[in-house]
Every structure is written in C-alpha cells, then in structure tokens.
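Report on one structure; see the data block that follows.
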Amino acid sequence: MIDRTDPEGAIAAAAKRCSNWGRWGADDVRGTMNFLTPQKRTQGASLVRRGVSFSLSQSFDANGPQKGWRRRTNPVHTMLDTGTDAAAGVQGFPHGIGGADDVIAMPLQCSTQWDGLGHIFDHGYAWNGRLAAEVVTSLGDSRTGIETVADVIAGRGVLLDVGRTLGTDGELPDGFAITEEHLTATIDAHGVRVGRGDIVLVRTGQLARVRRDGWGDYAGGPAPGLSFTTADWLHRTEIAAIATDTWGFEVRPNEFDDAFQPLHQVAIPHIGLFLGEMWDMEALAADCAADGVHEFWLTAAPLPITGAVGSPVNPIAVK
Amino acid sequence: MIDRTDPEGAIAAAAKRCSNWGRWGADDVRGTMNFLTPQKRTQGASLVRRGVSFSLSQSFDANGPQKGWRRRTNPVHTMLDTGTDAAAGVQGFPHGIGGADDVIAMPLQCSTQWDGLGHIFDHGYAWNGRLAAEVVTSLGDSRTGIETVADVIAGRGVLLDVGRTLGTDGELPDGFAITEEHLTATIDAHGVRVGRGDIVLVRTGQLARVRRDGWGDYAGGPAPGLSFTTADWLHRTEIAAIATDTWGFEVRPNEFDDAFQPLHQVAIPHIGLFLGEMWDMEALAADCAADGVHEFWLTAAPLPITGAVGSPVNPIAVK
Amino acid sequence: MIDRTDPEGAIAAAAKRCSNWGRWGADDVRGTMNFLTPQKRTQGASLVRRGVSFSLSQSFDANGPQKGWRRRTNPVHTMLDTGTDAAAGVQGFPHGIGGADDVIAMPLQCSTQWDGLGHIFDHGYAWNGRLAAEVVTSLGDSRTGIETVADVIAGRGVLLDVGRTLGTDGELPDGFAITEEHLTATIDAHGVRVGRGDIVLVRTGQLARVRRDGWGDYAGGPAPGLSFTTADWLHRTEIAAIATDTWGFEVRPNEFDDAFQPLHQVAIPHIGLFLGEMWDMEALAADCAADGVHEFWLTAAPLPITGAVGSPVNPIAVK
Amino acid sequence: MIDRTDPEGAIAAAAKRCSNWGRWGADDVRGTMNFLTPQKRTQGASLVRRGVSFSLSQSFDANGPQKGWRRRTNPVHTMLDTGTDAAAGVQGFPHGIGGADDVIAMPLQCSTQWDGLGHIFDHGYAWNGRLAAEVVTSLGDSRTGIETVADVIAGRGVLLDVGRTLGTDGELPDGFAITEEHLTATIDAHGVRVGRGDIVLVRTGQLARVRRDGWGDYAGGPAPGLSFTTADWLHRTEIAAIATDTWGFEVRPNEFDDAFQPLHQVAIPHIGLFLGEMWDMEALAADCAADGVHEFWLTAAPLPITGAVGSPVNPIAVK
C-alpha cells in the first residue's frame, strides 16, 4: 500500500529498487532503448501479416488540448507562401510554377510525443546519475538529447487495452490507477506476452472520452493512468518504452497527497525508460479487438531535434 | 532532347503524358500513395532480416543549411524549463522532481522532409485539378494537407545509389542530371527491382560532400538531381514516392534557360507524387554497399500537422 | 438610423462620403498620419507640464486575452540563456560574466497594438484604392507596411473618457454604441478640443471591468465601442488616429444583423485611419480625471517590422 | 592604463568604484532610470522646437545582421491572413470585408533594442546584488523584467556624434575605443551638456559603414565602441541610459586579451545602467549636424513583455 503522506520516501525506495544507473556503462544515453535490439526488430517485423497500417498520432493544430500548463500551447502553423498568392500571380516564378511553404511553432510536448531522458530529474539528477544542471541548460540537453535515439525506436509493439478489458464501455474513469494486477489481467485476456525490448501501449480510453465530450482538462487534469506501484513492473519487464493515450502517463490525481508525477521521477531518471504520451490508439485498438491480435510492428521515430528533451512523433503500427 | 528555351511547352507536354488526375476519383487526396497497398507492406516487412535500423534524417538544429531562400530558416529550439532551473530549486514542484520542456519554431521544409501535394502548383492548379487558391490559403491546405497521408508511408524502400554506381568516389558532381538511363543502370548494378508502390531513395552523394566541405549553397544552389526527362519514368513505374539527399530533388541548375524546379511542376500537381528532400542516406548506403542488399522496410511518417504542405520526417529503414 | 439588414449598402455609402483616396496622391502610404504635422508636434510638446509619464500598454505575456480567434494566441516568451545557467557555470564566458537572452513569438495583434493600413480591405481594395491582392501577400504588406509610419506617431493626444462621463461607475456596458453625440458630450464635459492631427483615445472602461472580472470574451466578444455612425465624424475631424481600451474599437455586437467590424471596413481602407486597440488607459484616465486635463503629449511608435499589417506598441503619454 | 591580462581584476575594481547597489533601496528594479525624473521630462519636452520627428530604429526583418551568435536570428514574420486570400474570396466574412493578420518570432535582442537589467550578471549576481539564479530562470526575469520600466523612458536625449567629430568621413574605425576624453571632446564640440537623467546616444558611424558595405560581422564582430575605461564616466554623470549604433555598445575586440563585453559586466549589474544597441542615428545625426542642436526630446518605450531581459524598441526623437 502507498503511504499517501510520504511521496519522497516512496520515490526514493522505488528509485533504489529499480535503478538502471550504470547498467549500460557510465556514458550511456539510451537507457531502456538498449533493450530494443536487432533481434527484437526481426521478431517485430514478422508480425506484419495483413499489411494494414495505423497512425497513432493525434493532430498537431490549434484545436489541441493545451491550456497553458507550464506554458505549453497548441501548435501555431503559418504559411510562408500560399495557393492564393500563386493564383494572384505575385510569386515571381517562371513558367507557371507556384508554391506553398509553411512554418510551425510548437512545444515539443504539445501533442503525441516521446519524453526524452532529459525531461525529468530526481533531486537534481538526470538519467544515469548525471547532474541535471550539467545535462540540460538553456542550450538544450547536451547528453541525452532525443537525437540520440533517432534510429532506434522500431520494434515489437504490444497493445494493452486496459480500457476495453477492465473498463465500462471501453473506458477507465479518471483517477483509475492501473496496477500490475490490471496489466497482468489485460495481458492474460489478450493472450499476449510482454517482455524485454517491447514497446508497450496502454489504452485507457480517456482519449475516446474527451473526443466525445470535449478536451476539458485532458492536458493536466484527472485521468486514468499507471499507478506509482507499477514502477517495479516497468523495471522488471525490461520493456523499451511505454505509451498511453493520456496527457501524463500516470494516474491523475497522483496517489500521494502532495505530488506531481511521482512515477515519472522513478521511470525516467532511474529506470531510463522512454514514455510516450497523448498517443491515439483508437483505430489500432478497434482492429486489435476485432482480430484478437494485440502485437504488431511499430515504428515511432522522434524528430532528431538536437538537444531536445522530447519530440513530437507519428507512431506507425503495422499488423 | 530538351529545348532549353521552352520550359513551359515541355512542362505542358510532360504534364499531359503523365497526368494522374482523376485516376483515384475526383476526391482523391493521396496521389501516388494509393500505390502503397497492404500487399506492398507485407512484401516490405519480409525484407527485415538482420533487424538493423537506420535513421535517414538530418539534424534539426541551428547548424542547418538554410540561408533564407523563400524565408526558410534553420530551426530555433528554446527551453521552457531546464536542469539548471531544477538544480537551482526554482521550479516549485514537490518531492524533488524537476523537469525540462522545450519549444521549436521551424519551417516545415527546413531539414529532412516530405513535400505534400499542396506544395507545388501548375498555372494555378493543384493536385487532381483543384484550384490552388481554393486548396492552399493562409489557413493551410484544406484538402491535401500532409495529415491525409499520416498512416500510409510504411512499405518497401529501395536505395538507388547513383553516386556510388556512376560517380567518382561515390559522388555525382553538382549539375549532374540523373536520367532514366542512369536510374536503370543503377537498378541493374544493384540487382534490385523498382515498381508499383515502392519508395525510391536516390543517393547522389552531395550530402557527403557538403558534410566534408561545408554547407555552401546546399540549400538552393547547384546540385546533382533528377533530370526533367525522368518525369515519364516517375509516372510509368508507379512508385509511391521518391527522395534524394539533396535540397531540391531535381538537378540544379535546372535544364531550361529560365526555370525553377520544372520537374516539381509535373511531379507534384500532375503525377501526385510525394517527394522527399534532404534525406541522409549515408549510413544506409554504406550498409547496402557492404551487403549488396538495396531493398528494405521503410517507415517515413510525416507529423500530421493539419493543413501542412510538407512535414519534417525521420525516416527509419530496417534491413 | 441604421438599416440593420443592409450592412453592405451602409458601408458603401459611408465609404463614398468619407473616402480620402487620392487626397495625398496616388503613392500615399500614410493616410491620416499626413495630418500629424510638425506643427502638431510642437503643439503637443507644449502640453508637457508636470513631466509625469504613463504607459498605455497592456502586458505582453501568456496571461493575455487571446483565445484563438483568427488563430491569434497570446505571446510565447522563452529564454535563450538564463541566470540559472550563468550560476551553474555552464555558459563558457570569461572573467565571471553571465548573460540572459530571450525570444518572443506572437501575433502582432495579440495585445496593445496599431492596426496598419494593410489590415482591412473592402471588396478586395486596400487603402488608396490599391488591390488587396497586390498589397498584402504571404510576404507581407509591400506598400503600406507599418514601417512606413515608423517615425510619425508622436503628437497631441486627447483622452475622451466616455466611460467616466456617460457610464455607470466609470464603465460603459458591453454593446454600448458610442455615437457622435456621445463623443461631443464627452468633449464638452472635458472642455477639450479635438481636431486635425490629433490622436484620440476613447476609454470605455471595459478593460477595467475585465481586469476585475476576468478576461471572459474580451478578445472578440461583446464590448462597448464606436458606432458605425461615427464614420463621418472620424473623417470630418481629420484626426490622425484613434484608439480604444477594447479588443476591436467598434461596438460589439456590431450594429447590423450579419456583420463583422463594418466600421473598420470604412475607417481603414477608405479614410486611411490608424486604429489602436487594447490600449490601457486606466492610469492616464485617473490622472486626467484628477487634474481635469485631458490633453497630453503622446508617442506611440510601432516597431518597424517590415511589411507588417499591425504592430505591438507601448504608447507613452506625458502630461 | 588597462592591464590587458587581468580583466577580472579590472572589472572587480571598476564594479567597486561604480556600484549603485542599494542606492535606491533593496527592492529597486529601475537602476539608473531613477535619474529620469518628471523634471527631466519637462526639460526634455522644452527641446521640441520644429516638431520634426526621427525614428531611431533599424528594420525588423529577415535581412538583418544576425548570424547565429548565441542563437540570435533575424525576425521571422509570417501572415495569418492576406490580401490574396481576401481577393480569392476564401475568408468567409460578410459584406465584403477582408483582413490580414500577422505573427512574428524573434529574439528580443535581434535589432534595435534595450538591454534590461536582467541581461548581464557578474559572478552570479544581478543588479542590486540579487542572485542571478533567483532573478532570471527559464520563466524569465521575475524581478527586473523590462516591463518594470515600461512607463519611464521618455526624456532629454543628447546625441554625441563621435563619428562626425573625431572620425574620418564621419566614421570611427572598428576597434576604436571611445574614452572619456573622446566623449568630452565631442560634448565640447557640440556645445551641449550631459548630466543626470539624460539619455545619451553615441554615434560611431559603424552603421553607416555596414549599410554601405554589407553587414559583414556587424553582429558580434569588430566595432568602435565605448572603452572599458568609461565605466567611471557612465557612473559619475548619472545618465539614465546610453545607446550606440553598434551591436554591442563597447569596443570590439574588447580591451583585454581574453574578454567578453567587460564593460557590460560593470554597467548593467553594478551601475544599473540601461544600454541601447543597434540604434539607427543616421537621420537624426544629419539633422543635428545641420542645425547644430544635439539635444532633443526622446521617447524609447520598450514593449512590456513580462519578464523579458530586453526589448525591441522604436525610439522617437523630436526636435
């Protein structure tokens, strides 16, 4: 049981139990992505049977969920050239060619995304025991920038549709803490295995709910999500990454009286685990429910933005 | 032979010969991505043998090649929170958690990218015969925005290393126009086939050169690239997409006396072909040269930025 | 009386009555700023008696009123370097110097601002009878960009505190249409004159209200403001510019059944009048109410952003 | 004489001699702007004789001098709506109204600007002895943000045209260190006085040179500028602010062997002095040379960007 009054003690204990510091050497920058080996990729590719593909990305536009928390905004997309300009004949190009270009300004954590290893710190320490102040300055993450895993994230994906398995009408309520028991029950219900190097997708159903009811407090408010107590499972299973269809991966409100994302504080700096957030698993989950196959080939390549502590991503699952 | 004095006539003739307007119905927004079928994906997945993965993306940072052409700049990456802030204890979070967030502002055509179907027009017409002024306004591309192919671009990739096959020290000189004959010779040399639904990567070697010598005029200056005369090959082969390691896909200077990217004017609005630019094929090409295998599984998922006429992309090849 | 069913007819009639097209020649780009002469400036400077200065600018930050209308957002301010970086010793400068730099991304119409002459068109025509499509493209305003008045806007300011004069507790209710009669009554109450070359500030009190009650729909919603019927007064008085403490200068909802900012459509393209919006007149107005002097020296210099159709501004009044 | 080998010692000694810490109380955030009193403003306004106005701002656009130093870029200005859109009839507004809006993204130090008091630190200390790490975080400057002087900077301006007085053809060469003797000689030549609360503009002529010859290394390279030895003059004269027509105010290369802007390190955190950079004094200076009057009314209001360590500005001089 969680002692709701002592997040700091619980975090310290979990961090000690689950630490991967030094596991891949003092210079490591890839954390659990080290589990995602070529063998896992050949295994994953063998899961492509029908050739159907699914984008797991939400839209990137002004209609997103961001409301200003930590100054996160929705993307601002503007045009450098347009078809109306081309039609008006003002572009100055020869032989009838016209063109359109565009620009985007956005927080890297505004929509479907990866958290990089420089995203969260524990008492001033970043992944592998490095000093946060030396790793992530205003210049960005000089060690574990998201570009360090630019070529890794393609492998076996497993969908754990906890919403469909344990929820009502396919959805878990806000505040529902998904425990190891829930994960195991879902795994068993799906008849799938989860293990080293897998990329695990946990569907809570919250995204389906906010699509129906409006964003509300999707960005930062109450949500179903992983219980703090799953830290050991996340460590023990040796998965490469985990993603949810929610804003913040873990259950909200958090399971301590005064807390902010305590599972992040263990998972990212101590386990070295990559977290995906705001993934859209709806179409994929419907397909998995229909054919009973919850494993697939998954590519989720971050943009190699030098020094970024996260990245927008369009994950592609192929079954 | 090309009549260097008549780009407009040559473009009109090629457009007529190669048009795919209406091929997939009046409402089509995916152009040649229609060739990339589930069958192609199962075929492509079977090419994963060793499980090795390659990122084909250049970096996204301030050290890129952009010099202001069409107001394109290099990305500006700034931090919303940092490790130095966390270490200084100024973030106000409980139980010792600290965090870093970041923001990017960039042209969507600044580094490794896809051109969407709304990127280029011919005499005021966009893909499938639509009016450019109705398709792409300041609000973006309301019909063929890059989000319309968010789930498609995963399939069989083929590398045509024209630089290694026909160049000196693996590189074609600037101004080298790659013709159908060059493509065929490379295909034959590699012992690979190219056909319907493939994603074709053409390596010229220019990126290797500018990496060695400095960006110079990589963004917009002289370059090896596809000859205007390959329009029929691009159409006839029914490939899904083609990408190069250069800024602009086609040979520069262009093959007409007064011209600006004439092959784009046929390929995008008339063939409905997706063009990739500034892809980094160096590591992949070295591997292909070593093992003699020039085909692979390729995922190149654009960010679904609503209404965008292009997208940054981190293509992942797996062999 | 306004025929609420015929905005187009009313606009056309007012445009005809009030047009300044050609008044300053075919090449004119300054519109009513031509009224702001050196003589007006010497007159204005003589109004500086006590030397007290007032900023009439709202804040530029994430807590502003913008909610996405026409994709307008609040400013995003990020740091390129910080004091926490400097203190952490990671900046790499010699002899103990440290530094901080910053970046802003914002719509030019997000907070206290000037509307430039390229901001509004009437049936495809811009100020002085130019074609909107030739004046304002994706490259910006090539003729009447805000930089063309970079050195002009300093002169005699007059505050018309209609809120204090005619409102309840100093505020006009939303939807209150300020007519010429209201303006005249306020002028008389203040004992001030308004004429050629003046910069007129109209305080409605709405900003005081939203400061107290929350932004609500300040950006785009109901508001007190100028009646459409003041077009003739705006033209006849030959003022150089007019500004309000509201989002949109004119009364909202507008005075026609189906309308969007009809007075703008006359004032900007036909009169060539500069409109200021979202100005904060609270401190100045309190001072004017206290000493009974409603005229002052006013400098309201736009940033000379080349080709901009508006500009953020920090107007400074000195009495 | 300057010991070129000991910048740290020289800075420490100058800081001790020139410190204004505590002069206006422990809570002060305005530094030398405290010298700019209402009396100074009435004095300044009396200098308006002919009513002619001058903008001292360079352009804000993509053609500026920035080349990436400290990741500073030139402004990126994009449109949210255009005249071409309006003319194409795609904006969806009633009664023939059309509109254009725009967006800017730019470093606050990219063109004509004020350095705020949070811009430079000395050994981790900011203005008035505050800890830099507590004052300027990723959230911006929480104490001395530029908004704290939003209403102050209007008063008496004095142009010291050192370029015309002591240079060749009106220009000082790069590397020319302007000493107190040079300032005094210029003051004497102009027959003007400089004292408490004045805003002093120092013209070197470098901007005229780069306008003629191209930007070159204007942003960060060699330049004429204030000698480190003027620290005492800057302190003793009790001026409110000083600005130059160069990128960095002080002479470049700096006068120590291994140095970076040592005069900043004294002027900003210790004197609490506001520095203006990249001001365009050309038109004003020509007028002053013509009529022999080098004093004027000056308004140079920063945008009140909350927490900014600097601000773009369009200073307006009126004579």
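Lettered A, B, C and D in written order, each chain numbered from 1.
Everything below uses one rule, namely that a contact is a pair of C-beta atoms (placed from the backbone, for glycine too) under 8 Å apart; a residue touches a chain by one contact, two chains touch by 3 or more.
The shown structure was predicted, so the numbers you read here are calculated from the model rather than taken from an experiment.
J.: Tell me whether chain B and chain C, two copies of the same sequence, contact each other through the same residue numbers or different ones, using over half shared as the line for same.
T.: Since more than half of the residue numbers are used by both chains, the interface counts as same.
J.: Between chain A and chain D, what is the gap in Å from one C-alpha centre to the other?
T.: Each chain's C-alpha centroid was found; their separation is 45 Å.
J.: For chain C, write out the residues touching at least two other chains, lowest number first.
T.: Where chain C meets two or more other chains at a single residue, that happens at 71, 76, 78-82, 84-85, 87-88, 90, 103, 105, 133-134, 137-139.
J.: Treating touching as the only link between chains, describe the layout with one word: line, ring, star, complete or other.
T.: complete
J.: Please name which positions on chain A make contact with chain C in the complex.
T.: 62, 68, 71, 73, 76, 79-82, 84-85, 88, 90, 105, 133-134, 137-139
J.: What residues on chain D touch chain C, complex-wise?
T.: 7-8, 11, 37-46, 48-55, 57-61, 63, 70-72, 75, 77-84, 86-88, 93-109, 118-124, 126, 131-138, 140-141, 147, 150-154, 256, 258-262, 264-265, 283, 297, 299, 301-310, 312-316, 318
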